[in-house]
Amino acid sequence: MEQRDLSRIVAFTDGVMAVAITLLVLNLEVPRVPASELDDALVDLFPSLVTYLLAFALVGRFWIIHHRMFEALREFDARLMTLNLGFLALIVLMPFATELYDRYTDEPLACAVFGTIMGLAALLNWAMATHTLRRDYVHESHREARQVGSLIAIGVTLAFLLSVPVAFVSTTAAALLWLSTLVLRYPLGRFGATAR
Amino acid sequence: MEQRDLSRIVAFTDGVMAVAITLLVLNLEVPRVPASELDDALVDLFPSLVTYLLAFALVGRFWIIHHRMFEALREFDARLMTLNLGFLALIVLMPFATELYDRYTDEPLACAVFGTIMGLAALLNWAMATHTLRRDYVHESHREARQVGSLIAIGVTLAFLLSVPVAFVSTTAAALLWLSTLVLRYPLGRFGATAR
Amino acid sequence: MEQRDLSRIVAFTDGVMAVAITLLVLNLEVPRVPASELDDALVDLFPSLVTYLLAFALVGRFWIIHHRMFEALREFDARLMTLNLGFLALIVLMPFATELYDRYTDEPLACAVFGTIMGLAALLNWAMATHTLRRDYVHESHREARQVGSLIAIGVTLAFLLSVPVAFVSTTAAALLWLSTLVLRYPLGRFGATAR
Amino acid sequence: MEQRDLSRIVAFTDGVMAVAITLLVLNLEVPRVPASELDDALVDLFPSLVTYLLAFALVGRFWIIHHRMFEALREFDARLMTLNLGFLALIVLMPFATELYDRYTDEPLACAVFGTIMGLAALLNWAMATHTLRRDYVHESHREARQVGSLIAIGVTLAFLLSVPVAFVSTTAAALLWLSTLVLRYPLGRFGATAR
């Protein structure tokens, strides 16, 4: 019985994240220009495409992290559901944050909003990780990997939250901090190791 | 066989609710102002953000309630499917109701529309709860918890329906009534108790 | 193995139908009028709300019919997948057809488009029903019910296709034909009987 | 445990593809013309409808190919997840590419964008196919079929990538190349053979 419930939470989470990640594309607006100016208009769209790919990669990474955390669970409780809903509320804000950042890429404030939303999502992620470890909801065989995962969650959280003040110094530096959470290859490597 | 069918209803419900909850974000429009006015524009967006979070929390709470009800079922019938579709038709109206309420927060009429839609959704929820109890579709081990759940469903329904006339006296009081359905912590507490 | 594949087709279908049914709400546009005119604007929205509910009920009914057909299957083939994709391509057109019908409710042409899309969807539904019966993909215990279901699929198809010419005589009569497919209570009754 | 994880990747993929395929309809805009001009406006929409159906068929075909590949897997690793996310990032671009192509059907550049996105998606598809074969993640009974599938993936990739330069000679020829990936009936036929 509990197993089915757990998979329903996972299914709902997957649904919300699938919709949110797909809505990211809405920031790419098809140009309405004369055909002769289409090439320039498409070149102008290129930064938006890069922003889309960055946001897709970040949400995709959050999905992988979530996937790894929940595959290790054997139980859950009401607090985990509430934390998970909070996490989803922030993920759903991503299409908004992405469009805002895309439109005001050089504005520290837009960067700060993006960094704050991602940072809070990572924080709730970390809260879920520690909560499930403390309550002993994690399968024995996954405990060690999950403790490492919890450390990584702190790293991701710090990188995003740090990007908020950094944005007011350099928006490029802030974006590099976001990228750094993707190249923290370590967890992905481990995942491969356990899955194989 | 029936088990698979039940999970397909649940999957469809999860899908619809996942899309509806994600569309709530569409009420947050990215400002189109000169960069120098971005700070003011974002401050102006703050009430919309709060409205988004409120609506997300309410739909999320409905999802948890639905989750608890269906995890206890061992059977279902055509009437339950019809009631569930009616419930979903109201949940899908939430992005509309949220945007309406966000744009006309101080108008009693907008509050009343929001309260009516949520109230009818809660009513159908209660109808599903009593229907499944009366037809004896609930697992023995969950009967008691579900009877309490049915009472809570009445409470939530009354709070929302009461908010409709209250909105014409004070829109703030109506919004507080909606919030009260979230802090009715009792069912969440119980959920934790059974899940643990 | 086949069982998992079958459930993946079902999951994809549920996903597409869940998104399509939720997008129906986009035809309801939140008014942008002075607060003092909100009451009139909401009254003006009432027909759109009715159209939304009608379209939701029709797509919901198609979902129930699809659910009943696929719960009876033990196998499938490439043709069924192609027919199912064709069926989904028509369901996805429903938000468009609904908005068109909502904007031009009294225009025979808009009615005819709506009726054609639903009629073709019902036709593909019927094609799936007969294909699975002919290829003997239906569980023994469901054969009889599915043969009745196939007859009903013809009825629904005819009602929608008939509504196309009828629309040019009376758009109201066409809409009543659509409604008639909902009150064909028989299949729902049977469903309850088998599920119980 | 691994089985559940694999099905979660599949569920997330299905979710993203279901949303993306449904958003294709957004390129069909309901006309806003006087009722007397509705017939002309609908005739003008006909090419957009054809484009929608083409894009739906292409994404649907990608879904079938993905379905066939993943049904044969018994394991996966981090690289497959990354490749799959890259594949999804391209699929999510399809509503944008479709609307662009629909608005600038005769422009080589719009064709080239469409062909590039589909070609890269097919390339990642092929990369997933060879990766899973090389790492021996494929069930014995499916190996042969999957090796054929890998060849077909190359064919589809080449057809789409070839359409990019071809578009600058003839946009019609490019569109025919896309269509050719649909009438490569062979894989569908095999699928039927194994499923039966």
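The chains carry the letters A, B, C and D, assigned in the order they are written, with residues numbered from 1 in each.
Assume a residue touches a chain if its C-beta (ideal position, glycine included) is under 8 Å from a C-beta of that chain, and two chains touch if they have at least 3 such contacts.
What you see is a predicted model; the values in this text were computed from it and never measured.
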#### Entry: Superposition rotation for subunit B onto subunit C, Cα-based, multiple of 5°
90
### Task
Specify, for the interface formed by the sequence copies subunit A and subunit B, whether it is same or different in terms of residue numbers shared by both sides, with half as the dividing line.
different
### Query
Which integer distance in Å separates the CA centroid of subunit A from that of subunit D?
25
#### Entry: Inter-chain centre distance, subunit B versus subunit D - centres from mean C-alpha coordinates, in Å
36
### Message
If a residue has to touch 2 or more other chains to count, which residues of subunit A qualify?
### Response
11, 15, 18-19, 23
### Task
Going by the contact rule at the top, pick out the subunit A residues touching subunit B in the complex.
1-2, 4-5, 8-9, 11-12, 15-16, 18-20, 23, 75-79, 81-82, 85, 88-89, 92-93, 95-96, 99-100, 103-104, 106-107, 109-110, 113
#### Entry: List of subunit D residues in touch with subunit C within their complex
7, 10-11, 14-15, 17-19, 21-25, 28, 30-32, 35, 38-39, 42, 52-53, 56-57, 60, 63-64, 67, 71, 139, 188-189, 191-192, 195-196
